[in-house]
Each structure stands twice: as structure tokens, then as C-alpha cells.
Amino acid sequence: MKKIFDNAEQALADIPDGSTIMLGGFGLCGIPENGIAALVKKGTKELTCISNNAGVDDFGIGLLLKQHQVKKMISSYVGENAEFERQLLSGELEVELIPQGTLATRCMAAGYGMPAIFTPAGVGTEVAEGKEVRNFNGKDYLLEYAFDADFALVKAWKGDTQGNLIFKDTARNFNPLMAMAAKITIAEVEELVPVGELDPNQVHTAGVYVQRIFEGKNYEKRIEQLTVRKK
Amino acid sequence: MKKIFDNAEQALADIPDGSTIMLGGFGLCGIPENGIAALVKKGTKELTCISNNAGVDDFGIGLLLKQHQVKKMISSYVGENAEFERQLLSGELEVELIPQGTLATRCMAAGYGMPAIFTPAGVGTEVAEGKEVRNFNGKDYLLEYAFDADFALVKAWKGDTQGNLIFKDTARNFNPLMAMAAKITIAEVEELVPVGELDPNQVHTAGVYVQRIFEGKNYEKRIEQLTVRKK
Amino acid sequence: MALDKFQIAQRIARELQDGFYVNLGIGIPTLVANYIPEGMEVVLQSENGLLGMGPFPEEGKEDADLINAGKQTITTLPGSAFFDSAMSFGMIRSGKINLTVLGAMEVSQDGDIANWKIPGKMVKGMGGAMDLVASAKNIIVAMMHTNPKGESKLLPECSLPLTGKRCVKKIVTELAVLEIKDGAFHLLERAPGVSVEEIKEKTAGKLTVEGQIPEMIF
Amino acid sequence: MALDKFQIAQRIARELQDGFYVNLGIGIPTLVANYIPEGMEVVLQSENGLLGMGPFPEEGKEDADLINAGKQTITTLPGSAFFDSAMSFGMIRSGKINLTVLGAMEVSQDGDIANWKIPGKMVKGMGGAMDLVASAKNIIVAMMHTNPKGESKLLPECSLPLTGKRCVKKIVTELAVLEIKDGAFHLLERAPGVSVEEIKEKTAGKLTVEGQIPEMIF
């Protein structure tokens, strides 16, 4: 069982053009910084990216957009990115906007082997167009399908050599869901520890979901909205 | 926000006859011992119990069965209980057997606000009788509905005064799922700690799901199948 | 006199009850947190995966791994719990969040809400708003009564693409508190010194005024 | 000579591959854990909520909170992880478990399996068996070729209520290893000294025998 890779380049080496890739993170919090950098370096093109947000102009998925590596974004919120807006308006970039909870639950559905789920989000809105509506107990729900992604790039706080992961604070967000959902999950961790060091009761993502793992380097962890109070 | 109760009697005082109650645990592992004892003492009748198993003759849900407090059991496996068998054969007790994963996922569905889920378990068997079958990507799935339970009795290792719970080892099983699923969740914990003592990253069940909590007493934690190896 | 945004938040805070779990949207709704009555326990949910959201961190103590749904740096409180986004929206969908407060561009007399998209403008996305409005048992909208052009935002029908249908229960604007039921805005309270006439004038949808309408007191 | 239950387990263990996640049912399947080849990493799942199941505890070190799906006291191994029952069956349904080994009362030539219910007898329930057989990509059945009355358990069609349809891929009995495909049992290997004739005689379903059938070596 060889899950450990030396770095992002090696772990992502075989991602082909045209792949559907899930990228963990909410805003710039908990994003796979090393994985994105490796994709940029590698120049993988025609990507369909499933990610709650699309980064900012010079960080996160914004770096992939700048290199025109993204064909389609599937996200819930894509503000704060001028290059994104330019490509969208010029028709270079395809965008599918879906409710955040639906995004999360469609990841979970894939991880749980459920082909579709029902959610009330979007009923009566344009999100419902072309979708099956079904009433349960007097309330309408949309049928939404599980995602089918080739790769997931997720970022955890700690991981062990069997692929078990622990996330920190709100950097957890979509990461454990995407880890469960993709065919091949590549996890980058701030600290890669020997097997046996993580408490089995505290593992958020069991190693069964993680095919490749490496210790990431030089995390910038950029803050999008610094808000503080005086001491 | 008054979630803390002194003991099981007080926390369960208002459970009426005829309630649908979820009981956590797998076999005798992680069962709400104090809650069951309080139900026995209180003599609540005509219960519909949702629980993976039905205890043994003199422990767990078996204690409720002995007092004829259970009208219906919804379980996946009910062996190892002579009184159960007697009541079932005599028609005193109604039993609905459902696959274990379906049981778990129907709990989860309730907790996640999903009215129904799709699962392949039971397709082509008598479990599928009368149920909607739907094909996704060439595979058949059954439509199974979320449970609708009045109360959940769950047992955790540690809990805090806001209702946050941490489970231990395989005593986790159905407990966090049922905690999410019922209208009123009553958690008993081996150790009730002040708020702030649990690491927010290690909480398995957030307090929002727990309406009542108490520190349980005198846990017997009976072992059903003692298997050991020589030193 | 019309309420300022702090007073709108303050008024909404009166809807809180002890033990409530509350989701506050970006903008005025966020300010509601500053007016939680002393001694009342209210737990704030941030839909990116936190229950028990605390105030902004002290300068220098910010942590990039700890943000709210508005991407702002925040803190935890004793009793906080983290979870993933599916569980977060799971607890929203299953009705465990007692109150949701959010902003809107338009609300209809049937409780429809539009707050995510203006045709012709760059669309940033709905984020978690559609999930929240479709699921929450109790939704209060905090918004101005009129748009910058002076047009009413309380309409017979929304003109903008909807975020959700028949979901808003109450609206607090700079002028009034209104309840939505039976296809109409029911005027409950007026801002100090604001007349029923002015509210009528600025409400394009069906407005019901029954009896004396009390003034809010601050 | 027919295999004993340990040899059946030993033979099944040869189907393991490095890095496999495996779910072993109660009975003979459990014994497979004893024959994992040296140096091969195989992680055992227990569907009550554990990956990385270890051996039985030393006397006196048993823990009531740590049991397997057969309710036996067990241990963890370095790298173990606990999870709830929904996630456990989630990973089963999504095909993350590479191999499932379980017992059966009957198997049909189409891969149907019956192992949970005998009409007229007290029914204990299906536990997790229906979930496992409906979802696993690779299912091996470990069972005796015939029942105590000497009747074949490899049938054209199951006579007992089904646990799952068209799911069994391989069967290892005391007499043979058989693959199920195209509506037939394909004989792959014989137990040492067991003749093809005997296997034919004890297989009620359609049996395909192509070329020389090798003997298993232990």
C-alpha cells in the first residue's frame, strides 16, 4: 500500500487534461495550495473544477484561471475575481452555480454511494429548471445527482501514512466530503505523521478514502477578510 | 438554555406511551443503559423502538421487552433473545427487519433533512416489496424514507453542558445518527464536563442536536461475546 | 425617524429566545450578534462549519483556518463545534437552526425572496442562501424598505430571479416590522415617528394595517 | 480430500492484494484474517464502525466499547479509524471496500445469494448482509458445497428468500473454487484429490468445466 508521495508534482503527475477535479476549501480557507501550484506548473488544461469558490485573482483557483486551465467551474459563489469575470463574460469560461448545501450534499452522496439526493434548496427558482421536483410530506424537493469526479485535491491539518486525515477548524469545510467523493483522492497535509500517531476516535476522514498523500510545503494561508478587534 | 438534567428519570419524565423512540448502540455496545432503566421504571408502554438490535433477555432493550413495553421493533438483527422470540411468535410483538445500512442511512436522512434516500440494499429481495425501485446508471435502487422519531436515547463517552458529544471506539455506531434524527434527543454520557473542555475539532455530535443531557450512573457495559487470546 | 442599521439589528435581536441557534447573513444581519440580551444564550451558526461563533479576534490573533461564511476572521467560544459543510447544511435542512436572518433585494407579499442575482450584472452566486431560505423554519429579512431609486422592495411579486418561494416570515426595515401571512404584509410596528401613511406609500405589495400600530421603542 | 474450514479461509486469502480494504463476515470468512500473506497490507473493515480491525485482545484487556460486527471483543491496529454506521455503509455502498467475504445458505448460477432467512424458522434479520452484497464490487462466498442433508447449495435458482441478486462473483467451498459468470458456475480449481465428477455431482446449477482443472496446493 504505497500512498505516500514526496510532493505535489509527483502526486498529481498523471492528472490528464480534461479531468473533473474537486478542490476543497471555502474561500481561501483550507484550499490545497500545493496541489493547485502543481497543476499550474504542469499546465493541465480543460479542467472542470468543482469547488465552492474560485479563488481570488492571484491565489487559489484564480491561479488556474489566469493560465486558462479551467474550462468549467461548478461553484456556489464566485465573487472577488476580476479574471474570472472577464473569462465568464467573454465566454471562455463555463460556470454552473449551485446552492452551497446542494454542492456539499452532492459530494456526500458520491461518497456514500447514493446516486441522488432530495433537497428543497432552489425549488421555485431557476436552479430548479429542468430538474425533477417531488413532494414529500407537503414540501417540494429537487432531485440532485451525486457528483462524478476523477480527482479530489483536499487539504488537511494532519495525516498519517495510511491516509487518515484530521482537519482544523473551519478549514474542514468541503475537504472531507470531496475526499469521499472522487475516484482518486490526493490529500496534502501540513504534517504527515507515522501511522499510529492519530487517535482513531479523532480521525475525520478514514484512510480508505485517500489514495495519495503528501506533506505540503510553504503554506501561505492567505486571509481574505482580515477582521480584528482592538485589544 | 437548560439542557442538563440530574438523571435519567428526570430527562425521560415526559415520554408518553405510544412514542417512537430511537435507541443507540450496536449489540450491547454503546447502549443508553440509564435511559432504558428509566423507561423500565416508568413503565412507558406501546413503544415503537428503532434500534439495530433488541438486546438480550436480561439486558438492554430485552428489559423493556420483558415488561411488555414494546409494541414494535424496527431493527436489522434481533437474535439472542428468547423472550423476543416468544413474543414475536405469539403475535404480541410486531417486528420490522431492515438492512443495517438502510437503518443507519434512514437515521442520517432525518438528521440531514432529506426526506428519502436511495440504496441498492434489498433490491430483488422481499425487502423491496411495495417499494419504489429506480435505476441510476444501470443499477437499481430502493427509495427509502427518513425515519420520524419522537425521541432518541443515545449514549456518549463525554458530553458538555451545551450538549456536545464525543463517542468512544465502536460505541459510536448509531448514536450520532440517532442524535441527529429525533425530535428530542436525550443524551447520557459517562462524563459530563463543563462547556469549553471539549476540543471543538473533536466533537462528534454538535450540541444543536441534543436537547437534554445527563451523566449516567453505574454503567455495566456488558460484553456479549468475550473473545480473547492468551498472553 | 427611520431606523439606522444598528437599530434594525437591535430590533431583530428582540426576536431571539434563550437557547436559539441562529444563522446570521452578511451585512445588517451580522450586527444582530451585538444585541443579544444579557444572560440569554444564543448560539451562532456559520454555515461553513461552525456552531458557537465568537467575536473577531484580537489584533495579531487572527487564524486563517478560522473564518465565518463571510470569509472574515473570527473566534470560537466555549462549547463551539466544527463540522463539514454537508453536516452544516444538514442541520439547516432538518430545521435545527431556530432563526435565520438575511438581507434581500426584494420580498413579495407571498414571502418569496430575491437576493442573489440581477439580470445583466455579473452573478456571483447564491452561496448558501437558497439552502437557508428553503429550509429555515423562521426567516427574518433585514433590508431597506426601498431601493436606492426609491422603489419599494416589498412587492406583489418579485421582479428579480428568486432565491426561494414562500419562505420569509418577517421583515424589519428602517421604517417598519412586517409579518407575511395570507398573501399580504401585515404591519406590526412602526419606526419612531414614521407614519403609517409613509409605510403604505413605500410598500408596493398588499399591506394590511389592523388597529393601532405601535411605535418601536429604543 | 475436501478442504477443512481453515483451508477454505487460506484459499480465499490468496485473493487478497496489497492495499485491499476487506470486510469479512462471521464464521469461515473471519478466519481469512489469519492467512494474510506476510508483508501484505490489508485493512479489515468492521461494519459497526471500524477500519483497521486487530486481533482479539489479550485476556483481561478486553474493552466493551470495542467490538466487531459479530459482537466479539477485538483490538485496533496503528492506523485504525472509527466512524458511525452511516459512514460505514457509505463506504461500502460507494465501493471503497475492495473485497467482501461472507457465508451463504444458497448461491444461484446467476450470482444470487440467500443467507438470512429460512421460512418457518425464527428470523433473526439480515444485519448488514443485504447492504454488503448489494454494493460490494467483489464478493466471495465461503460455504460448504452441500447442506447437512447432502443437497447442493449451488443451484439454478435459490429456493430461500434472497439476500441479494446477481452479486456473488466467486465461491470457495470445501471441494472447489468457482467463478460465476454468464449464468453458470465456472470451475476454476479442485480441492486436492477431489474429482471433477464429485464436484459435478454436488453442483445442482449449471457447471462449466473447461480444460484441465488444477488442484489447489497447500
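Each chain carries a letter (A, B, C and D) given by its place in the written order, and its residues are counted from 1.
The criterion applied here is as follows: contacts are C-beta pairs under 8 Å (C-beta built on N, C-alpha and C of every residue); 3 or more make two chains touch, one makes a residue touch a chain.
Predicted model, so just to flag it, every value in this text is computed and none were measured.
Asker: Could you name all chains that are in contact with subunit A and with subunit D at the same time?
Answerer: Where subunit A and subunit D share a partner, that partner set is B.
Asker: How many Å are there between the centre of subunit B and the centre of subunit D, using C-alpha atoms for each centre?
Answerer: 29
Asker: Quick check: how many Å separate the C-alpha centres of subunit A and subunit B?
Answerer: It comes to 33 Å between the two C-alpha centres.
Asker: Between subunit C and subunit D, what is the separation of their C-alpha centroids in Å?
Answerer: Between these chains, centre-to-centre, one finds 56 Å.
Asker: Please set out, as single numbers or ranges, the residues of subunit A touching at least two other chains.
Answerer: 105, 112-114, 119-120, 167-169, 172, 200-201
Asker: Going by the contact rule already set, what residues in subunit C reach two or more other chains?
Answerer: Where subunit C meets two or more other chains at a single residue, that happens at 50, 76, 82-83, 86, 89-90, 92-93, 135.
Asker: Tell me the shape of the graph of touching chains, choosing from line, ring, star, complete and other.
Answerer: Here the contact pattern is something else, fitting no line, ring, star or complete shape.
Asker: Taking the top-of-page definition of touch, could you list the pairs of chains it picks out?
Answerer: Inter-chain contacts occur between A-B, A-C, A-D, B-C, B-D.
Asker: So in the complex, which bits of subunit A are touching subunit C?
Answerer: 26-30, 52, 75-79, 85, 88-89, 97, 99-105, 107-108, 119-127, 157, 167-177, 204, 221-231
Asker: Quick check on the complex: what are the subunit D residues that touch subunit B?
Answerer: Going through subunit D, the ones touching subunit B are 46-50, 55-74, 76, 82-86, 88-90, 92-93, 112, 122-131, 134-135, 161-166.
Asker: Can you tell me which positions in subunit B touch subunit C when the two form their complex?
Answerer: Against subunit C, the touching part of subunit B is residues 1-2, 110-114, 160-162, 164, 180, 195-196, 198, 200-201, 203, 206-209.
Asker: Can you name the residues of subunit A that touch subunit B in the complex?
Answerer: Contact set of subunit A toward subunit B: 105, 112-120, 136-137, 139, 141, 145, 166-169, 172, 200-202.
Asker: Quick check: in the complex, which residue numbers of subunit D touch subunit A?
Answerer: For this pair, the touching residues of subunit D are 18-19, 21, 41, 43, 45, 50-52, 76, 78-83, 86-87, 89-97, 135.
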